[in-house]
Amino acid sequence: MPLSDWLKHRRQQLAGDPAGKRTVPGGIWSKCANCGETIYQRDILENLHVCPECDHHFPPSPDEWVAALLDKDSWRQTNSNLTPEDPLGFIGRKSYKESLAAAMAVTDGHEGIMTGHGRLADRAVYLGVMDFRFIAGSMGAVVGEKVTRLFESAKDERSPVIMVAASGGARMQEGMLSLMQMAKTTAAVARHSDAGLPYISILTNPTPGGVLASFASLGDIIIAEPRAHIGFAGPRIIQQPLGEELPKGFQRAEALLEHGMIDKIIHRRDLRNELAGLLGYLAGETSSKVGATR
Amino acid sequence: MTRRFYMDFEKPVVELEHRLNTLKEDPLAHEPDIHKEIEWLEEQIEKLKLRTYSNLSPWQKVQIARHPERPRLAAYIKEITSDWRELHGDRAFRDDPAIVAGLATIGGRQVVLVGHDRGSDTRDRIRRNFGSPHPEGYRKAIRFFRLADKFNLPLVTIIDTPGAYAGVGAEERGQAWAIAESLRTLTDLRVPVIAVNIGEGGSGGALALGVADHIIVLEHAYYSVITPEGCASILWKSKEKAPAAAEVLGLTTTDLMKMGIIDEVIDEPLGGAHREPGVVFRGVESAIVRTVERLLKKSTEELTTERYERFRRLGVFMEPAADTDAGENAR
Amino acid sequence: MPLSDWLKHRRQQLAGDPAGKRTVPGGIWSKCANCGETIYQRDILENLHVCPECDHHFPPSPDEWVAALLDKDSWRQTNSNLTPEDPLGFIGRKSYKESLAAAMAVTDGHEGIMTGHGRLADRAVYLGVMDFRFIAGSMGAVVGEKVTRLFESAKDERSPVIMVAASGGARMQEGMLSLMQMAKTTAAVARHSDAGLPYISILTNPTPGGVLASFASLGDIIIAEPRAHIGFAGPRIIQQPLGEELPKGFQRAEALLEHGMIDKIIHRRDLRNELAGLLGYLAGETSSKVGATR
Amino acid sequence: MTRRFYMDFEKPVVELEHRLNTLKEDPLAHEPDIHKEIEWLEEQIEKLKLRTYSNLSPWQKVQIARHPERPRLAAYIKEITSDWRELHGDRAFRDDPAIVAGLATIGGRQVVLVGHDRGSDTRDRIRRNFGSPHPEGYRKAIRFFRLADKFNLPLVTIIDTPGAYAGVGAEERGQAWAIAESLRTLTDLRVPVIAVNIGEGGSGGALALGVADHIIVLEHAYYSVITPEGCASILWKSKEKAPAAAEVLGLTTTDLMKMGIIDEVIDEPLGGAHREPGVVFRGVESAIVRTVERLLKKSTEELTTERYERFRRLGVFMEPAADTDAGENAR
């Protein structure tokens, strides 16, 4: 989808999109949720959803991610026909079935993640983009299955994988089956990795819990977006000795870089070039040539 | 057996037991009338126990799993292993006492054993962080997973943790990374892996020891994606609703077997493992021995392939014919 | 050598042994350097050089170690003919040649380490015991070569290795050639380990520097003696912000256990049994049987 | 070129240079007499430089290796690599700025580059601990050694460190373990490993990046089992005797080549690399490129075997006929 198209699409979407509303309110002018500046909405959209004033990174939709990262018209979505079930008949404040129906109305049927393949700077890549709008991008059976198939197909095709993570963690409403997706996706990543293939993980705001403690933290290279919130346990539940405050910048990308957990923080405008450059090394001519002599 | 602790729903049983004991200690206990009363009471207690314990609610099971007198890792090591040799350390930061690891012999078979240790008394429980590992605990576990792999020793894990620890240090030292690495290491392990959940199976902290070829769970142990309390605070903004959350999470052995998440359930005595621990120890021991023998017959290739497929197939979803828009379907 | 013989031997040795003198003064009665108790010397010697009052572990000689660990009459020393050179013509306060001559007079010609093989609880093992009396057990070319040959032979024979470390680090007097022994011994350990064979390292008092940062810390299992001083940099040169004291028990075995660096601390009287037990697992019937199906 | 720093033994040269510059700036500099004086001075300076710099003592070389203006890692990355992509982290505790790692292209060849970074200004030097890694620094390096191995990229290490860090945290987090693991990882690496010592090669901290197939050292760089100061305090209880210690340690490139410890020396301009860094950059670049090309022709088996043998043969000792007492000789 060319840039102009998805901008239009995005604008239409925003009218009925609660997640979008939360960050970029509808209408021509928006107030940035981070710096509070009132900004012409088009300026944010054309800036890959990055606030032109404060550089805050708002979440693009999966379609926008694809347009931003991949070569034009190279994208082929896969497994978009997988749809969730309600294995536990889960009923909380509202039923899981209701939540699913509401989430499906907002997104394009790709559930919590859109997967597929395309070309990045003319190199074949398998790409997954999580969608926070679908029950907070949580990992249920569909997300787990699509991630697993993505790595399996990439392994069969000897292609790199790029994963854009954004998640609320495991999908509680599928109970233990959702926890098991951690083991399942990890095993698929392991097989892809054991075959000597590269995997670059991109952690966007937010990436917590089960997704981080499985496939998202297993990249050969891990990139985070500026100020992205990344951590296993939510800051609300962190146990602190009485009265102590959480460290400044706790669980932000910048702190994670200092603590040695990620490789680098890349501004969204530079991301495509960075990925092309990194893949040039990890899936490059040299390495395949040398690999052939093994 | 002295009972120092009982749960709310056990109160009627405990009260009857108390009355029975009082009568038994009565100097006139041998008088026919009193003797009859005693016999009657014993019968009533048996009936009440059966009624109370055979239809435990998920929340009651969670309480039994957390029972202070429930046998924990140390008891299993003492009762089902011989020649136990504890080993320590992640070789990088700290020896996490919430994870215990070592070499053990079970039913004559040498294994590497790694488990959560919740501690024995208050001081020890604090030292072991109530069985919630820090990142260095997972890394300690990983070290011993690799030791098992190197020396071709089957791996037995004992799961019993409320979950990963939500603390600043644990976050700063990358517990998500450590858990993922633990899952990944188990995935590739070339030796049989057997997991036994003896009590609490709290989400990621439990799963980190749970990527196994065969998963055994005690009847009243639970295994859950989130604690009932955590689920209740998210769903109903109230930890008091934990019993309701326990109902919906599908965390009991019955649910877990149905979903194909676990492979074997070991019966507990009426009232829970702490009522008659010996029975449970023998059950766990023979299940481990039987499983090790079975798995050792498999080749490395069979083991790792079957382990992959075991988790590969978990998850329920629909797959109608592919959208034409989507272009293709990868599988 | 039976126990009685080496007790006699040891007593003779102590008369002219400066290292021995430092810890257990000659004569019938000795004052324990740790607790200050005056103890009948025979009681210390018969107690494997452990003070009966305070459990302080004094260093046995390599012969005594062999007698304490291995089955009677099973020991075969190897490479005892290797003798040091003075590649740099090193002259400090005294010349390296003088230091070597003095050290050789004290020991039995095995230089800084005695190596060989024997049986422990009827299981074939390769054993190295460092000798602190030989220029503080420092690692020069002879130590490096003997350690390397030990691991190479053990690999060829598919046998476990047990190493009793006690050292002053790299042997400065051989310059960079001594540093290179770290790489050389590490490579030999790696090959032995890659062949799936067990190596148990025993750290005694003291084990610092180059020996610790190469073969001594690479054991599959690492055992330390109680209160042994173990660390890379000597406490004298540790840089501390002004006025701060070193933590209590710094670089002692007990602190290392808490910091996750060693597997266990074993009293010398229990060491042989512990090794037999551990080897029963790592070099046992089960593991070789399973290994054979690979 | 403005010189802001000179060493004691350079003083005569610097003084003559100063006189020369003063004369040159004189309005009468074109007068025949003054012109002659200038020519004479230039000649003297060349002679003096040759005399001063061609017979540098080991201690003088150590001073040049430590010269504040000497080009360090950052300069090499800027000058000899293209498409540099720095990567970070040990994935466990902390990103140690004393170790810099990333992907780089040198002479068209893609490599993984790992080196000591001493920092550029005071603040940066403190942040990078003057190029002395902590254990997490070695573990960061190990992560990138493994990355090179996985992706079949040759590994280039740049050595420039006063040595491992003597601090409480470094000890508590197991720097000896981390260094040994680093040596071990390099030993088994299945790709070509090229080490370039551009300045200080301080014992274990340097060796941790130095288990290579080909070791290149700049003419005035040094590589030593212990710092001259450390050696002096042990031998003579006085750091002032460092020059004497430098004499006996055999730390110069001449000594190192003789002993077979290093493989190649790159000439520096008279006075040291900082006098004309471009020359050195080109020398290092072409040496790396040439070596990578040569090593890439070897099979994995050849590489690891030759690397093993390379270190295996280091060390001088005598081996007379075996003692009969000793029973046997294993090799």
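General remarks:
As written, the chain order gives the labels A, B, C and D, with residue 1 at the start of each chain.
We take it that a contact is a pair of C-beta atoms (placed from the backbone, for glycine too) under 8 Å apart; a residue touches a chain by one contact, two chains touch by 3 or more.
The shown structure was predicted, so the numbers you read here are calculated from the model rather than taken from an experiment.
When chain centres are set by their Cα atoms, the one at the greatest distance from chain A is C. For the pairs A-D and C-D, the larger set of C-beta contacts lies at C-D. Per-chain CA centroids place chain B at a distance of 54 Å from chain D. Centre-to-centre separation of chain A and chain D, using mean CA positions: 42 Å. Centre-to-centre separation between chain C and chain D, using Cα means, comes to 33 Å. A separation of 53 Å divides the Cα centre of chain A from that of chain C.
The set of chain C residues touching two or more other chains comprises 259-261. In chain D, the residues that touch at least two other chains are 91-93, 173-174, 177. Judged by the touch criterion defined above, the protein chains form a pattern that is neither an open path, a ring nor a star, and not fully connected either.
For chain C in complex with chain D, the residues that touch the partner chain are 76-85, 87-88, 90-93, 109, 115-116, 140-142, 144-145, 148-150, 152-153, 170, 172, 174-184, 186-191, 194, 209-210, 212-218, 231-234, 237-240, 246-247, 250-251, 255, 259-261. Remark: chain D residues 91-93, 135, 139, 173-174, 177-178 touch chain B in the complex.
Those residues of chain D whose C-beta lies close enough to touch chain A in the complex are 83, 85-96, 103, 109-110, 136, 140, 147, 150-153, 190-191, 296, 299-300.
Residue ranges on chain D touching chain C, taken from their complex, read 164-168, 170-177, 179-181, 183-184, 187-188, 203-204, 207, 210-211, 223-226, 230-231, 234-236, 248-251, 255-256, 259, 261, 307-308, 311-312, 314-323, 325-331. Per the touch definition, chain A reaches chain D in the complex via residues 193, 196, 198, 220-221, 257-264, 274, 277-278, 280-282, 284, 286-288, 290-291, 293-294.
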